[in-house]
Each structure stands twice: as C-alpha cells, then as structure tokens.
C-alpha cells in the first residue's frame, strides 16, 4: 500500500519494512475476521440442530463472501474517488 | 495521569515517558471510538435513505456527545470518591 | 501450554520465555473478560433500579461462571480429541 | 503529559504515525462491516443488487459525515474541559 | 508457565503492569459506554436528566459489584482446576 | 509487499508466528463465548443440562465448518483480485 510510512521517499529501513509487512498482515487478518463474523451472522441460525452445514447455509456463505468483497471494492473505489476530488486532481 | 508507572517516585526514563504518552493517547483514542459508536447507534437510523445528515440527526449527535462527556465526568468523580473513601481520606 | 514457540525443541531464550508468559497472561485475561461480559448479559437486567446485586442476580452469576467453565472444558476436550483424530493417534 | 525532549518526540511521532495508520485500518474495516450488515440481506443472488449498492454508498457517506461531526464536538468538549481545569480521569 | 529468573521476572513485571493499566483503561471506557447506552435515551435535551444520572450511578455500582463476584468465582474455579490437574487448553 | 531479505524474513516469521498464536487464542475464546451465549440459558441449575451440552458441541462443529468454508472462498476471492490487478485498498 503506497501510503505506508517510508515508502517512496527514501529506502525504508529494515524495521520499517517489517512494520509495513506487519501492518499489511494485520489488515488482511482484520478483514477476514469481520467477514467471518458477518457471514456467520447472516447465514447460520443459532439453534444448532446439527453440526454440519446445510446446503442452504453453504450456498449462503459462498454468496456472502462474494458480496462482502464487492462491498469492500465499491467502498474502496468510492474513498479513492473522494480523496482524488479533495486534491483537485 | 498521576498513577502512571514511574511518575512521582523518581525521574521517569525516556522509555517510560514515551510509554506513558502512548497510554494517554490510547485512552483518548479508545474513548473517542466508543463515543462515536454509541452516538451513531443512538442517532442514526440504519436505513440510509440519504447520505447527508438530517437536521434531526445533527442535533442528536451534538447533544449525544455532550451527554456522553457528562456521563464520563460523573463516573470519574464517583470512582475517585469511592477510592478516597476506601483510603479513609 | 506445550505448543508455545520454543518449547521442547531447545532451551527457550529469555525473550521467548517472557513472550510465552505474556501470551499465557493475555489468554487468561481474554477469557476472564468474555466470561464477565457473558454473565453480566445473562444475569443483570439493564434497568438498574438499584446499585446492589439482588439475591437472584448473585446466584445467577455464580452458576453462570460454573457453567462457562464447564463449556470451556468440554470445548477444549473436543478440540484435543479432534486434533488427535486428525493425527491418527 | 510529561514533556518529551527532541529525541523522545521523534520516537513518539513514529509510534503515533503507526497508531494512526492502524486506527484508520480499523475504522475502514469496521465501516465495511457495518454497511455490509445494514444493506446486504439478499443471498438468493451472487452479486450486489443496485438498491444494496446504493444503500452502501449512502451508508458510507452518512457514517463519515456523522464521524466528522462527532470529532468536532469531541474536540470542543476536550478544549472546554482543559480550560475549566477538569480533565476526566486526572 | 516456564520459570523466569530474576531479570526476566523484573521485565515481565513491567510488561504486566503496563497491561494491567491498559486493561483498566478498557474496562473503564467500556463501563462508561455501557452505562451511557443503557441509561441515556433522551436527546431532546442538552444535559443529563436526574433519572438518567441516577441510572448511570446505579449502573456503575451494579457492574462493579457483579465484576467483583465473577472475579471471585473465576479464581475459585481456576484453583479447583489446578488442584484437579486439569487446566483448560493444556 | 516490499521484498524482505533473509534476516528480515526470519524476524517477520517470528512476528507472524506470535500473531498466529494470538489470533488462534482470540478465535478460541470467541468460540467459547458465542456457543455459551447461544446454548446456555438455564441458571436454575449449577451444571450443564445434556441439551445444553449437545448444543455446544454442534455449535462448535458448525462454527468450525463455516469458518473453513469462508476461509476457502476468501482465499479464492483474493487470488482472483490479484490476478485481475485490483487489490482492495491499493
């Protein structure tokens, strides 16, 4: 991600490169955790009649992940567009 | 905050001063995040008919922030009072 | 916990021993916080007519903690059993 | 806050920038989660319906404008407290 | 837990104290948030109504007393587990 | 991600392993909390009823299977995005 500290101005130091890799890993991990939370909430009924996923739950989870990514992409595009407008580019 | 480690007993070291500044920054950031969460929950209906704030939502947010600070102050006074009583002051 | 990094392969370094102690402390703290959250939610009505615990709330909290530990133990046994099966032991 | 000398300020500035970045990541991912949960409810289809997409865009706008307003009022309150000599928790 | 020598114990003690402080800050701010959300619902006014204020004070009392009781039972359970030789997760 | 040399990779690997462990602890304790809250509601008794215990076991199974499936789809989506040249946030 091009706005990480150190990037593009000079050679980032070892500590910076590792901190940037950490920050990127944290971001992916956080998104994964929220995706998991949201899709379990949307697709799994909390009665737990059985331990296996039903066909309906499986399909729902698949589509939920796809739609979550779509939402993430649309929001990312929007925010980049807003930032570009603010800079008058 | 006078109960931070190192304070008042001897000169705090560089590492301690920085850690204390970090702790204070974390506290303010955490309070801000919870305030934001609570007031959005109290004042914004999740139907999102429009992207701008309505007049009602704006006034609600203003008052919500004020009341949140009042609650924070009352709780802080109460806890300091309870601590003073326990120490028999 | 025997799967902590460094354990059993060679003498763990000072940094590793401290990091392991930290990880164990974090785990206990996290479990305590979730237990507290769950049992307050299950046992305390949010009307706050009085500041003291009622007899009913006290008994509920006691039993809630006991049942939470039972759930934790059953899940731990299950997961160790599943892991053992996967390794064909 | 205790006074920091120039070296300490530089180190704190680094820590502060890292935290700002981490906080922005959290706000960003929480925004995605909130607007997804509020707006997306139809899993009979694989892709976003146009009403879901419109809802998400308006949700993001609304959240950002509300957060700006709260930030403004929060700062005003903090300034007022410091002037009156009462900082919560100190 | 692996045994720590004197130096390691000193360092761990520092880390432990910092964590205790951080945890207290989290418990404190979560308490403020919970009692605010439970007790404050009237935004037709700028300042706390006396019933809201009373509710907040009782809410704080209740939460603190409940947390003390849970902590007590949690410690008892942990001691019982260690004596029976069964630590969850180990 | 910027390229890391061998020393940096070793250090990052250590950090990565610590984080994996921390994340596992969080997932584990959140699972316990979720299944406890969904399944255990009877506090007229001190110990788990057999229906509560059965519910907890099925809840754990369901959560683990759902998380596996989500992880699979998440990885597929990430791969598809990288191939199309569009990484969210970059």
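Each chain carries a letter (A, B, C, D, E and F) given by its place in the written order, and its residues are counted from 1.
Criterion: a contact is a pair of C-beta atoms (placed from the backbone, for glycine too) under 8 Å apart; a residue touches a chain by one contact, two chains touch by 3 or more.
Just so we're clear, the structure is a prediction, and the values are computed from it rather than from any experiment.
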Least step count from chain D to chain E, where 1 means the two chains touch: 2
Pair joined by more contacting C-beta pairs (C-F or B-D): B-D
Maximum centroid distance from chain E, chain identifier (CA atoms): A
Centre distance in Å when chain A and chain B are each reduced to the mean of their C-alpha atoms: 28
Rounded Å distance between chain E and chain F, as computed from the means of their C-alpha atoms: 25
Approximate Å spacing (C-alpha centroids) for the pair chain A, chain F: 14
Residues of chain E engaged with two or more neighbouring chains: 28, 35, 39, 57, 60, 89
Multi-chain contact residues (two or more partners), chain C: 26-27, 35, 43, 64, 66, 72
Topology of the chain contact graph, where touching chains are joined (line, ring, star, complete, other): ring
Sequence of touching chains round the ring, chain B onward through chain E: B, E, C, F, A, D
Parts of chain E lying in touch with chain C, wherever the complex brings them together: 1-2, 4, 7-8, 11-12, 15-16, 19, 23, 35, 38-39, 55, 57-63, 65-67, 69-71, 73-74, 77, 81, 86, 88-90
Chain C contact footprint on chain F (complex, rising order): 14, 17-18, 21-22, 25-26, 28-33, 35-37, 39-41, 43, 45-48, 52-53, 56-57, 60
Complex contacts: residues of chain C adjacent to chain F: 4-5, 19, 23, 26-27, 30-31, 34-35, 37-38, 41-43, 59-60, 63-64, 66-68, 70-72, 74-75, 78-79
Interfacial residue positions of chain A with respect to chain F in the complex: 1-2, 7, 12, 14, 17-18, 20-22, 24-27, 29, 32, 35-36, 39-40, 43-44, 46, 48-53, 57-58, 61-62, 64-66, 69, 72-73, 76
